[in-house]
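One chain, chain A, appears in both complexes that follow, with chain B as partner in the first and chain C in the second.
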Partner chain A sequence: MLAQVLVSSVTAGAVYALIALGFVLIHKGTGVVHFGYGDQVTFGAYLVLIAQMAVTGLPFWPAVFIALVVSALLGALIYGGFMWPLRNASLLAKIIASLALGTVLREFVRAFMGPNAWPFPFLLSQTAVPVGGVLVVPANLAIVGVSLGILAILFLLFEKTLFGKAIMAACDNRIGASLIGVRVSHVFLLIWVVASVLATVAGVLVAPLLTLSPDMGLIGIKGFTAAVLGGFNSLPGAVLGGILLGILEALVGTYISSALKDMISYGILIAVILIRPQGLLGGLLVKKV
Partner chain B sequence: MLSVRDLHAGYGNKTVLQGVSLDVPQGAVIALLGANGAGKSTLLKSIVGLLERSSGTIELNGHPLPNATPDRALKAGVALVPEQRELFLTLSVEDNLRLGGFLRRRSHQLDAECERLLTIFPALRKRTAQPARTLSGGEQQMLAIARALMGRPSILLLDEPSLGLAPKIVEEIFDIVRQIRAEGTAVLLVEQNAAMALDVAEYGYVMDLGEVTMKGSADELKASSMIRNSYL
Partner chain C sequence: MPLRPLLFAAAILAFFAAPQLLPEFYLFQICLIAGTALAVLGLVVVTGLAGQISLAQSAFVALGGYGASILAASWGVPLWAGIPVVAVVVAGLGFLLGQMTLRVAGHYLALATLAVTAIVQLALIHWEALTGGAAGMAVPPFEIMGRALTSGRELYYVIVPVTALFILTAQNLIASRFGRALTAIRQSETAAEAMGLDVLRYKAAAFAASAFLGAVAGGLLAPLSTYLDPAQYGITYAIYFLAIAVVGGMTSPTGAVIGSAVFVLLPNYLQAFQSYLGLVFALLLLGFIVLRPNGLSSLPWLRQAGALLHRTTGPKP
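== the complex of A and B ==
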């Protein structure tokens, strides 16, 4: 029973980890908590449907590809249209801009795609296969696999390549990064593009699990919680936070009450802020003067 | 080699540099002296393109340096170690060092270059895995200089490298300046410690209120009564 719960919960956890990673990337790069990020996740899933409506008979995978390309462009637009012009604005202005952005995306899909839920295909079959006494659903396995693959790529990028280190360097110290020849504005553009593509990947993965409606963006709060749990400035922390949150939710859902599941993530958010504000893997933030 | 002509630059509407001209010949150490607020740091920042210049030209070996593009200045061979050092404090010492060679990229070259610099800065060697924020002030200064040298610049701009450091460390820093020159890299050295700066430099400039008010060989400047009264 417990093994079954753990296996199932990893699916949700993997998606939370992806969303948390997007939050952390954007926060590291721009100092902004992007409260519209959850809506970008929803919007990304809708992009697949929109592509299939625009081109009649377009199969699922090419539609996903188009959605990824469009979301990359959206990321570039968000940076060029909002965040670059606002780079010297107050943090509050940036946060309000990110909230407004999310609302614009959410209400766009509500207006054009309606308020009701849409069916969204799983990547693989939903028929459970018994593996070593535990039922494993191929569809869920695909979600975990894709998430882990992306996490691994990002890990290799940031830990093993000079280019990835340069991105970290630009997040750490903009002047220093300029001095070593890094074009900081290009790095931030890249971060927005990558985070926006990540949002769409998460959207495509999570849409069949939840129901795809304009308000699916509430999942953003889960990703945010996972990010806070992990320390908000640590990429491995975001992943750990996501997986832990998934497991905790599943344990509560199974052994206590599934109605309390969502309450737990908010409860954890409050508890972490009170007890361990630096998160599980986050170092103490040193305020720069 | 580096020649600055009639440079005007500043922050927003406020012009700090009121037409500065200055030369740094190949392989020389040139001292730049002056009181706080004279515009020395502003001059260095506009040379590397951290600050946009409003008029004037900067040439390196006869080729004009583009305005406000630090990456192109660096490619041309000008590197700055700023007064604030601007290290990547959350990254390891080794990462900081390797990132200095970001524009050169070839990883086997970077390894050899890291090794060379760790020989020049032995204090950093046992700290390569530590985050840069755990270094002492002197070590951070060494790392900032080493990072700038990773790009193999033909001219290094050093802004107050001895500021806030213990006398023994200051000695070490000046030894390193001599060593950098011995390897053929020119140095434009901004220093509060005029006596030490003029000991290592061949030539010097004095700035005040955004202009060059005096220039001459190190010996001439040391002998000048104005310098004696104000800076030595």
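== the complex of A and C ==
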């Protein structure tokens, strides 16, 4: 029983981890916390449906490809149209702008695709396969695999390549980085494009598991919790936080009360912010005056 | 010329004339604008003046509405007594939440207040014995001296004066010691601290004020809508208040009224586009924060009107 709960909870955890990775990427790369990211995940999944509607008879995979391309453009639009003009605005304005972006995407979907849920195909088989006494679902495994894969790629990018160092420099000190030849605006543009594509990947993976409706983006708050729990600047932390959150929720849901399940994650969010704002794996942030 | 007393006289005249001239529909809308403006006024104090982002306004409004209704339904406390009592309790909660700002600012504060809204909404849904759960609960009528106020026409006499009172208070508070302290904190917390301000206490007081105003607004809006639905009091509602504050003008109490009027009245003119309403509101918020972050109340002709008022009331040379 316990083993089964744990195995199933890892899937939910991987979903949170996937979304948390996007948050951390944008925050680590550009210093902005994107409050509309959860809605971007939802929007990505809807893009696949919209592509299939626009071109009748379009198979699933080409539609996914189109959705990825469109979301890359969306990322460029978000940076060029909103984040770049607001680069010198107050933090408050940036937070509100990112909230507004998410709301626009959510309401766009609600207006043009309706408020009701849409069916979304699974990537792999949903039939459970018994592995060593516990049931494992291949479709769920895919989510875990993709989260870990994306973590590995991003981790290598940030830690091992010169480009990763350029990103960190650009985020750390915009003027300093541009003095040593980093094209800061290009770096930020790229981060937004990559993060937006990542949102669509997450959306395609997550949509069949959850219900694909305009409000699916509220899952974003779980992604936040995962990112905060792991440490907002740490990529491995995001994955660790996501999976820990998934397990905690499953344990509380199974053994205590399913009503408490969601409340636990929000409680964790507040507790971590108050007690250990740098998260489990994040470095200590020193506030400069 | 004494412009200000004249304006006050005109406002009082308009207040008593409106119920005689306008049909119920418009009076209901005026009540809705006033109640919403009161909730947004809380946001003006905590986010606009003190610079502390809060997504908990939805939670405060929910607590005010539910608190007063539960007191009335279960213990027979009339709403006119229950609303202030609940508002004071919620203000205490807001003060506690404000203590959080000692450690938390910016993104993290937005997240933490977001979590507060989510937790309150979940509690309303799951505490069925008290709140009626996901099905919601009916609001007992607002009774004063044995007379139940049920229509917008009757509630008008309660909601509009209360809102006007708090708007005027806030307007005068801006230039007071408290208001200037909040502005100083918004502009630089470090500098404010260096000037000897007890920054944490002021921030907590700002949160308490926003919670108080939110709870009063919730308590007054509840009998107007006659039914409380927990699905309403979510994160979307918190962003709705933020959008009104931004569109009206984050630092202006009158902006709260202007913004609320736009958001309440706009649906009447967009009846053919009902399903695009959410998108229109979201685009308004996005457009304003990028192009005119100080909102409608910063429009030149409105500012001039405001300046005219102040000039006539200022000290004579």
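Criterion: the second predicted complex is superposed on the first by the 287 of 289 C-alpha atoms of A that agree within 3 Å, B and C clash if a C-alpha of one lies under 4 Å from a C-alpha of the other, contacts with A are read in each partner's own complex, and residues count from 1 in each chain.
Keep in mind that, in the parts below, a contact is a pair of C-beta atoms (placed from the backbone, for glycine too) under 8 Å apart; a residue touches a chain by one contact, two chains touch by 3 or more.
A quick note: this is a predicted structure, and the numbers were derived from the prediction, not measured.
Legend: residue contacts after superposition of the two complexes on their common chain; A:77 is shown touching neither chain B nor chain C. Contacts of A:259 after superposition: chain C is touched, whereas chain B is not reached. Residue contacts after overlaying the shared chain place A:107 against chain C, while chain B stays out of touching range.
Judged by the touch definition given at the top, the superposed model places A:148 against neither chain B nor chain C. Look at A:136: by the touch rule set out above, it reaches neither chain B nor chain C. Of the two partners chain B and chain C, it is C that touches the larger number of chain A residues.
Once chain A of one complex is fitted onto chain A of the other, the partner contacts of A:157 are absent, as it touches neither chain B nor chain C. Across the interface of their complex, chain A is touched by residues 48, 50, 70-71, 74-75, 79-80, 82, 84, 86-91, 95, 98-103, 105, 107, 110, 133, 147-148, 151 of chain B.
Residue ranges of chain C in contact with chain A, taken from their complex: 47, 51, 53, 100, 103-104, 106-108, 110-112, 114-116, 118-119, 122-123, 126, 190, 234-236, 239, 242-243, 246, 275-276, 278-279, 281-283, 285-286, 289-290, 293.
Interface residues of chain A facing chain B in the complex, by the touch rule stated above, are 162, 165-166, 168-169, 172-173, 175-183, 283, 286. Those residues of chain A whose C-beta lies close enough to touch chain C in the complex are 33, 35, 82, 85-86, 89, 91-93, 95-97, 99-101, 103-104, 106-108, 110-111, 218, 221, 224-225, 228, 232, 259, 262-263, 266-267, 269-270, 273-274, 277, 289.
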